[in-house]
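Chain nomenclature is as follows: A, B, C and D, assigned in order of appearance, with residue numbering initiated at 1 for each chain independently.
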């Protein structure tokens, strides 16, 4: 019997990507599509690429409408998920693509988001140690941020193996869909095409404490992250360049072995053959993570570069993968490791 | 029992797209992957986005290797398909993504391609009148060119309904993958990004006689096509702007009715609601065709704009769709109407 | 003594480009920079590429502020220029980058713009027959639209020479800056990158009557224009593909000769050598127009493709060139024929 | 009397950009344009954006041809400049855009370039301490690499002021023109559009020792640089994100003051107002450097982001600026601080 799903925030980029994946999921049926400012509009006007849903009408997001679905995906602005979620009982699996339930550290939440801490849910990054087990059977999932997905998978193995010093430096480029559909001047095509620019520099980006949380857990001690996100002239994709000083005595062989071991059984993570580096186009539209790692002997640093699609593995793909685990379905249903390239 | 397929020319863009689709086809199994200049290389180096095939090795294209597959897709340079095909018997369904067997007019073939005419195979554009019937049970399929796919679907209904004068004007923009992986200076990223440029102007592009053939068949009389292709700064997609003088007395209502009727039962063609125009991003990676039509009262012309993904519906998707028909499978297997947007 | 200039609408793309050019004009001094919604802001925040003006503050647009300058450039939304202009006496040269004074046909104006017709000023496209003479000494200039610039220069020679039938078909691709800085969803980078889409199809685009006006004047009889503009994934540039049925007996040699003659003395127009087609990147940031023409013998059409930078020759460059003529300065001051490529 | 210049390697991107700037230099006259593989071709075919030179013919590079010019710009592949330069006497100012004479450390040269060390010339980055003085009157100039330009200007002030620990981490994104016009598969438009990818990771990029040299000089002790270059989907521009651990006791105010002091009199370097971060589009085609700096209190690092145009300030602009200094001309002749944006 089909799993009945609803998507709240279906007219945004994250919600649209959830729908794109659900449409290809063999055990899922799509129920309510809801939103706020666009409620009442024909869905084909809002998301013309989602042809099977074109003739539907976007409904106003209400708990009444969402109730009665087996799974509800929340793709809402940060801070709005908690209110909706608390009106949905445990008969509903709630998958929150927002930030509300990602951080365990209430102080960090309040400092970065400015609202009271709502709590913590099982974290939808199954490839992290212990995460898959916590997702099995859960009725609540906090989908990770797109940057923390790329960065945590890139650095966790080095930290878990004790090979890196606890001060990480990360510079990541994101496609513009990472900023959502908000009408802001710097997101206009005229501004972003042919241009690269940073934002949220100096430890101010909201994804920083989430990376700190994940890497500290892997390391078993506090890890700091110097994080600089940059906006790249492409619609999708994250390329995260991550590095940390090598722990004394660390060899290149140890580093590679740690990554091989960490990901050898992970269906969505590919450690590329030595010498081949990832490109975001290769993972476009897929749930794949491409990784490469090396050790810079002069600078004595471990350098890892990871590529994900911010909307797929970085959001909607991770959400569907985690839903599959929670429901006891095959983890890969509705997901692909094949990118839409070129 | 799975249909066993092989792809010759698997390291190119068309071959890669065939593989991407076959990987998601539930009744297909992928056998030999062959090529020429790249034979012997690890496939993951050549097509890093095709993760499931990464550890294979590209083999040299030979008839021996291809024989024994139920279906062989040929994604070879124009002029090379005939030689391979004639070594494969009728036990093999040969799907030619090249131009060799598209044109019925031997003189036109020789004028545009400069080699002897090899013959004509059933034409893999099922949405054209009569095409689907000719594909059923066939052992040979000529996949249309990407531009003729977009243009024929855009104008055939108007011609079939007798609503347009027989002189069509077409200007189409293509993503760069339409030019293949050839190492030519004008295809460098530095040259194409931020730039639009035409090529093959003045009736010289090889897809012109194919459009003439299709539109003349629809009209029941000779149609000329003034065709100007342009190279756009995007990897994929074709936007074809097509127009023709309206036949005397033609109304806007008649035009719309003709398109509604032509495509009402076509699973991959969407005539958009009035006022909504297609965008190539909406069909990216999908087998969908998005169309809109209007009548310009001042210029007295019917204007149709169509969007397809040149690699999917324009090549590999059309190939898989036609294979499904030939084999008696569900026509939509392995294909989607959902684009990867944004 | 320096010509003292002011720019109203300096925070938009057109106003910014006017300033970029004026900064390199050896006989000009830049006075007031004005705007409306952004008034009071530091100019370096609004236009960070215009370093020499960074520390200025954008002032509110008022006639008082603009008066006292020798030249005032108006880069305002359509319909706002007339009010400002009538408050500026003839001691001020007013160069209107908007549409208000371009059309002689009041009915066409009202149909396309929906407001009362304000009048007609000398037209700032010096390369059209008679235009340069009308600009000399004028105190009022109507700068052409970006599309009409590209299209009129592409087709006027054929019409002036009587070589083309009076039904033109034009499909043009524009960079997104042509749509201005307006915050509209379809102009977001996520939407435009990797995508081509048409708009204003079927004779509804406001630049259509302006093309009709120019081409009819060249032909000496009414010319209709079937015009389809498309939005391309690039910040700047227009590529206009223009065609018309050849007049009976027209030869390719006659066509080329007409274009050579029309532009042999024009400093900013380059008829490319036969076989070489224009690319918008080649004219980026310059006042150059690149053109190529051919005759399609099968379709019996003259096909002309022109490339301009919509912001430079298509707006601000044409404005400065026309100002130079009006003031009796060297026509090329502050302008370049060299594009910023790649 | 005009300075007579020649450009060797005029058909490449660096050579083309030198010519673009020289065309706007009021005291320069352009003589020989030479190349190798393209010699004999019409220049307008090779560099269609350089209209004033279109009718010239590219000549074969020989010392005979270059001699007799006051200034010769060498835009040749690495390793070819020395041979040409030694045939030109001291009556010619030789400006080498290649790497041959940048490094003082012969061992580093040989390790990274694999050929014998040719020597060291005055370094064409006038904004570095002492560099301007060394350029005055010189007859030989080594133009810096594009990345070292962006990175050295970003970090030198912090090192010169003793505010940063000697282990820098740099991740930089470059436009594809930085890779030149070489016909390599990964530089095809289809591959780079919509994609970000790293290369030369782990201390292997040839610009690394040049950064080490410059930053070590500024710091007065050995500085290591962990450098990761990435290829971005844009034709031009470098965005360099640079960071280093703050020296004990360093405050944010000290950091800002050091940068203000370092660049207050530099005509081409703009330290943006606090809170405004650079974008590569803002410096496109200009000789400007935009910089911003902050201190991340959690990670305890100084983070500096700089934006330059790799072809202009990063190559040809730096070359012309240095030539101006060497010849005693106004340093800004032929150069602009205004970017071509959007």
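Following the convention adopted for this analysis, a residue touches a chain if its C-beta (ideal position, glycine included) is under 8 Å from a C-beta of that chain, and two chains touch if they have at least 3 such contacts.
Since this is a predicted model, take the numbers as computed values, not measurements.
At the interface between chain C and chain D, over half of the residue numbers appear on both sides, which makes the contact a same-residue one.
Summary of the copy comparison: rotating chain A onto chain B for the best CA superposition needs 180 degrees, to the nearest 5. Should one ask which of A-C and A-D has more C-beta pairs in contact, the pair is A-D.
Here the repeat of B-D among B-C, A-B or A-C is A-C, since over half of its contact pairs match by residue number. Chain geometry summary: the mean Cα position of chain A and that of chain D are 37 Å apart.
In whole angstrom, the spacing between the mean C-alpha positions of chain A and chain C is 45.
For chain A, residues that reach two or more other chains under the stated contact definition are 13, 175-177, 190-191, 193-194, 233-236, 278-279, 281-282, 284, 341-342. The touching residues of chain B, when paired with chain D in their complex, are 13, 175-177, 179, 181, 183-185, 187-194, 233-235. Chain C meets chain D in the complex at residues 13, 16, 20, 23-24, 42, 44-45, 47-52, 54, 176-177, 193-194, 235-236, 270, 272-273, 276, 278-279, 281-286, 288, 290, 336-342.
Those residues of chain A whose C-beta lies close enough to touch chain D in the complex are 167, 169, 171, 173, 175, 190-191, 193-199, 201-203, 208, 224-228, 230, 232-237, 239, 241, 243, 245, 277-282, 284, 292, 294-301, 303, 305, 307, 341-342.
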